[in-house]
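A, B, C, D and E label the chains in the order they appear, each numbered from 1.
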C-alpha cells in the first residue's frame, strides 16, 4: 500500500504577504503531484498552515502540525520565523525524542542559519545571501567598466549583512572599485526614493548593489528611471513574485538578479524537459502565467526528499536527515549537493538581466509583462560554496 | 554639491506635493468631520485599481475622471449606509468602523485583482523626461503630479473658504439638531463631504498608483504617513497641511544626504567611545537612516509641545 | 480681624485685545455669603474662572485665606480649600450619583491617587458619601447614572459634588438657573444648609435668591466692581438700578 | 398659520404628548405655560421634526408632520431651543451666519440689526461661541434664528440666565418680532412676561392642553393657576 | 437587615463566579489534550491579560491607544533578556517570577510615555500613541542589540531554575503557569477598578475638567493608569517570552496593537469581563478560523464592522442588556422570538459564507478549476447553480431576518413595558 508522507507548509496564506506563501504552496503541491504521478508506493501530501508572518502563530502551528503527525515542515518567508522554527524544533526534538521533526527551508537566506545558528534539524535548499553575493561580486569582477559601486540597503539585519559582505567581497575581488556610497534606509517606509537617487547620481556610481525586496526594490528602480539614472542594479529580489510588474519598463537593461533559475534558462541551455515541467505548472497553477513557476529549488527539494526517505527506509526525521546529508542530486541544470557540514545546498547560480521578451534570445516573459530574464553568467555550484562556521551537534544514529 | 542641493530642493518639493496629494482628502474629512479615516489609504488604493482597470479598456485619461468619481460614490455610500449609523456612538466607533473597512477593502481588492501587484504604468505620453537639468531628468509625469496636486490645493481652498460647508459640519459635530433646525441638511452635507474626500483620495490613487506600486498592501503602506501630514499641519487647516507636506518632504529629502551619526558628532569633540549593546546601535545610526521615520518623531513632538499643529486654530 | 477668605488685588484679565476684568479689588470675609451680580457679559463667570484657576490672570494677585494662589492650576487651588460649581452643569455623566459624590470626597479624605485601597472597604469614605447623599436628598437615586437625572436633580448633584471636598470657600455660578419657582426655593434652602459656617461666593440673576441669601453683594459692570454693599443698600442704589436691575425690580 | 391637532409624541416608551391642540394666527404672540417637564419643549421639537410625532401639524395649510427638521425650517419655521445649541467652535459672527439658510438670503433682520440691538454681541463678534457669557449665548441663539427670517418662531425659555434689565429688552424684542408679521409661540417660566406680551395663552399639564384663553382670563382664573402653574 | 442579606448573597455569587472560573481554567486542558489546543489556550491566557490591560486605557480611562503593543513587546524583551541573564548564571530569579520582569520594565517605560502622551485625551492621545508605536516599531529593527534584529531574541526556559521544582518543558506546565498569572492579573485588574485611582480614571474619562476641580490632576491620573496598564501588558509580554522562548520585533508592532484593540472592542469596553470574551473569541478565530478558510480576514472584517454598527457595546454589552430581563425572570418572553430569528440568521449566514467561499475559490484558491467542497458537498464553482443558491439563500435569509427582527423588537417592547410597570 502507498505510504503517505505529509509535509507541513508554513507561510503567510492570508493578508498582504499571502502572494508569496500562496506561490510557494502551489509549487509544493505541483512538485508533489509530479512525484505522486510517477507511481511508486510513496506519496506526498502538502498540508498548508497560515503563518501570517507572525512568530507566535507559526510556533502554534508547528504544534498543530506535530499533533497531526507531520514530521517535515517547510517554510520560506520571514527570517524571524525561520530562526524561531530552528530553535523551537531543536528544543522540541530534544524534549520529545519520539516526535522528531525536520525543518526544510526553501527560501530564508540569512547566512547565520547554516553558520553559527546551524542545526542538525534544518536543511536549506536556497543559496544563502553571502553565496548569492559572492556570485554577484564574481560577475562584477570581470566587468571592467564598473568603477564605482553604491550600496543601498534596508536598515535591518539582512540589509546590514548584504552591505558588510559587499564591502568585504568587493575589496577582495576588485580592490580598485570605489564604494561610492553606502546608505541604509528604514524598511518599508520610503515612499519616494528620489532623494536616494539624487545621492546615487551625485556619487557618480555606475552600479548599485541592493538587498531590497518588495516595494523597496521596485520603488527604487522606478525612481531611478524617472530621474534618468543610468546604472546597473545588482539585486537579490528583483525577480521576486510581483516585482517585475511593479518595476515595469524602468528596469529593462538595468536590473540584474541572482537566482538558481529563470524561465529562459531551458532555452539558453537547451533543456526542453524543464520547459515541459514549468509550463505544466503555469497551466495548472500559474493563472495563465500571471503567477508563474519560480522556485526550481522546491522541485529539487521534493525530489531529494523522495530519494532520502527511500534511502532511509522510513519517514523518520532523524534517519531522513542523515540520508539527506551529503546527498547529491541531478537537476536539469547540473548536480547539486547537500553539504553535510552545514546542511546548505550547493547549486549553480545565474546572474541575469531584465530584458524585453519575445525576442530570439529572450523567449518567455514573466507574469505577462513583456519582460523576461536573460542570463549574463552562470556560476558553477562549486564556485558558490562558502566556508562555514557551523559546529553541528548530531544525535546518535 | 550645488547640483545635489538643487535637486534635493526639487525632490523635496515634488515629494511634499505627493504627500499633500495623498492627504488632501483626509484633510477634508478630518478637519471637517473630525473622523480619523483609517480607510483613507484604502480609497486611495481603490482609485489606483479602478484607474488600472479603466485604463485597460479606454486608456489613462478617461480613468483620471471616472475612477475618482466611482471612488467618491463609493465613499458616499459608505457614509450613508455605514458611518451614519455609527456616528452616534462617537469618534472611537467611527474610527474603528474605518479600520474594519480598511481590512475589508484590502481583502476585496485581492479577491478581484489578485494578490500581486498589477502592472499599472505611467501613460506613455507622460513617460518622458521633460527637461534635463545638469544631467538629471525631470520626468513629465512628476511635473504632471505637481500640477494636479496644486489643482487639488486650490480646489480645496475654494471649497473651504468660499462655502459654508465647513461651518455647517463643524457646527453639526456639536449640535446636529441645532444645525438642522436652521435649515441645513446635515446628513446630506456629511455624505457630500465624505464622498468628496474619498473622491480626492481616489484621484490621488489614479495619479499616485502608477508612480508608486499598485498592490493590495499599498494602503497599509501609506496609511500612517497621511495622518502625520494632517496632524503636523494642524486640525482644520488646509494651509497647514500644505505647509506640513512641504516641510515633511524637505525633512525627509535632506535627511537622506546627512550621513552623520552620533558617534561622528562625538568624534568632533574628540570623544570616541566604544560602547557595546544598545548604545552602540544608537551611536551607529546616521540621520540619513532615519529619514522616513523622522515624520513620526516630528508628529509626536508636535503633539506634545504644540498640539494645535503648525497652523491649526483648534486642538486636534 | 481674621484674614479674608478670598482677596483680589488689582486683578486684570484680557482675552486677546479685549479686557474683560478691569482692575478688580475685592475682599470676601471668612464665613460670609457674598453675591456677585451684574449685567450679562460683565465678567462674573470670568472672575470665578480666575479665582478657581481655570484661567490665568493677566496681572494682579489672588489670595486664598492669606496665601497667594495666583495662577496655580485648578486642582492645586482646590486642594487648598476652594471649590466651585459651574454655570452649565458639569458632573460625571456616566457614573452613578453615589460614585460622583464619592469621587469628589476622595482627595480630601486622603486617598489621593491610591491604587492599593478598595473604595468599597473604606468605611469613613462611604459613610461620608452617604451623609452627603442624604443632605442633598438623593439617597433614593444613588444608582442612577448622573447623566440621566432630571435637570433640577443634576443641579443639586452639582452642588453636592462641589461641597463634597469640604472646602471652606465655595463658588456657585448661577446655581438656580433654569429651575422653576419651587425648585429654586428648595435649592436655596439646600445652599443655605450646606454652606453653613463656610464662605460662599455666588453669581445669580434671580434677585429673590440673591437678596434672600447674600450678606453682601458686589456689582460687577464691564469688568469693574462698581460697588460692594449690603443687600438693602444695593437695592436702593441708583447706579445699580440703572446698570442692572432695571425699573421693574426697583 | 399653525394648527396642531391631536399631537402625540414618545421618547422611547414614554408617552410625552398625549393629544395636544394648539393654533396660532398670523402675527400673534401665543404663550405656552406649564410646570417643569410637562412637555412644552417636546411640543416645539415635535413641530420641528426633532422628535417623532403622530397627529396633525398644519403649517399654512400644509401637513408637516414627519418632515425632516431642515425641511421644516425651510418652510419658514424658526426654533430657539432652551439648550441654546451655540456652536462652541464657531465665532459669534459665524454662528449668526449659519442662521442664514443660504448665503445670499435677505430677510427682515440683518446682522447689523442684531449688533445694534445687542451691542455685546458686536463687541464679541470674533470670539468663539463656547466662550461667551451665558446671557450672551441666549441673545445669540435668538438672533441666529431670526437671521433665517422665519414666518413663525418658537422661543423656548428665552429669559433663563438673563439679567433683569435684559429680560425687559427681550420682551420688547418679542413684541417687535410680532409687529414685523412673524407669529410667535413663547414657552416661558416667568408668568409676568407672558401675561404682558401675549395675546393668548395655553397651559399644559401631563402632555395635554388644560387651559386656553387670554391673559385676562388667566389673571382671573385662580384655580387654573393654582392647579397647573404653582406647586 | 434585609439589605445586608442581599449583600451577602451578592458577595457569594460574585466569589462563586471567580471560583467557577478557576475550576474551569484548571480542568480545561483535560478536555483539550492536543499540543495545538493547549498552545491555543496558553495564547488565549496571554491575550486575556493583554486585552484587559488595554481596557484599563480604552474602557476605564477613555484613552484610545494604537500602540499598546509597545509594552507587550517590551515586556517580552525585558523578560527574555533577564531569562538569558539568569541562564548565564549572572543572577537568579525563578522562572515562575520572570514575567514580573516584563511588568516592571514596562511600567518604567509606561511612566515616561504616559507622562509624555496623556496631557490630553482624545484624538491627540490616539495620534501620539500611533506615532510612538510607529517609532518603536521602526526603530526595533535599528537596534539589534536589544531587539535582536529580525531574528529576535531567544532563550531556553529549561535552563532557569523553577521555584516549584516543576520542569517547564511540556506545554501543559506552561499553560498552568500562564493560567496562574492570568488569574492573578484578572483579579488584580478587577480590584484596581475598585480603587480610588480606578474610580478617578472613570471620572477623568467622563469629565476631566470637573475632576481637576475636585482636587485631581487629570494628567497624573491618566499617567498612573497608563503605567499600570503598561505593567499588565508587560506581564502578558513576559508570559509570551516564557511561552515561546523567543521574542521578535513584531511583538511591538502594529499588528498586536491592532489585535488588542479589536479584541477589547469586540468583547465590549463597558464591562470588566468584556475584553476576556473578546480575547477568547478573537484568538480562537485567528488560530482556528484561519485553518478552516483562507478567507478568514473577510469574515473577520465583516464581524468587526458588524459589531461596530450593530453592537457597539460588544458581546458583553449584548449579554448585559439581558441582565435586567433575566433578573425580572422575563427571558422566556424573549426566547421564542430569538429562536425564530435563529433560522433566517443561519440561512443568511450560510448564503454569505457560500458567497465568500465561492468567490474566494474562483479568484484566490490554489486551483480554481478544481471542484470545491463546502459543508461536505462537492460542486463546481464555475457553474451558475451554486451562485443561484447563494443569491437565493441571501435574499431569503435577509427577508426573513427583517421580519424576525421586528418580532424581536416587539417582544423587547413588551418586556420593557412589563419591567417599567413593575418598577413603578
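As a convention for this text, a residue touches a chain if its C-beta (ideal position, glycine included) is under 8 Å from a C-beta of that chain, and two chains touch if they have at least 3 such contacts.
Computed from a predicted model, the values in this text were never measured in an experiment.
Student: Moving only between chains that touch, what is the shortest number of steps from chain B to chain C?
Tutor: 2
Student: Taking each chain's centre as the mean of its C-alpha atoms, give the chain farthest from chain E.
Tutor: D
Student: Considering A-B alongside C-D, which chain pair is linked by more C-beta pairs in contact?
Tutor: A-B
Student: Just curious, how far off is chain E from chain B if you go by their C-alpha centres, in Å?
Tutor: Roughly 31 Å separates the two chain centres.
Student: Roughly how far is chain A from chain E, going centre to centre by Cα mean, in whole Å?
Tutor: Computed value for the inter-centroid distance: 37 Å.
Student: Rounded to the nearest whole Å, what is the centre-to-centre distance of chain C and chain E, using the mean of the C-alpha atoms as each centre?
Tutor: Chain centres of chain C and chain E, defined by C-alpha means, are spaced 44 Å apart.
Student: From the C-alpha centre of chain A to that of chain D, how far is it in Å?
Tutor: Roughly 76 Å, centre to centre.
Student: On chain A, where are the residues touching two or more other chains?
Tutor: 18, 22, 155, 186, 189
Student: Could you list the positions in chain E whose residues touch two or more of the other chains?
Tutor: Within chain E, the residues that touch at least two other chains are 138, 142, 144, 295, 297, 364.
Student: Taking the touch rule as given, give the residues of chain E at its contact with chain C in the complex, in rising order.
Tutor: It is residues 191-192, 194-200, 202-203, 205-207, 209-217, 220-221, 224, 228 of chain E that touch chain C.
Student: In the complex of these two chains, what residues of chain E are touching chain A?
Tutor: So the residues of chain E touching chain A come out as 34-36, 38-40, 43, 138, 141-142, 144, 149-152, 154, 156, 158, 169-171, 240, 244-246, 248-251, 255, 286-287, 290-291, 294-297, 364, 366-367.
Student: Across the complex, what residues on chain C touch chain D?
Tutor: So the residues of chain C touching chain D come out as 15, 18, 37-46, 87-88, 150-152, 174, 177-183, 205, 207, 243-249.
Student: Per the contact definition, I'd like the list of chain D residues that touch chain B in the complex.
Tutor: Residues in contact with chain B: 48, 50, 68-70, 72-74, 78-79, 81, 85-90, 94-95, 97-99, 101, 103, 144-145, 148.
Student: If you look only at chain B, which of its residues touch chain E in the complex?
Tutor: Against chain E, the touching part of chain B is residues 34, 36, 82, 85-86, 89, 91-93, 95-97, 99-101, 103-104, 106-108, 110-112, 114-115, 224, 227-228, 231, 276-278, 280-282, 285, 289-290, 292-293, 296-297, 299-300, 303-304, 307, 315-316.
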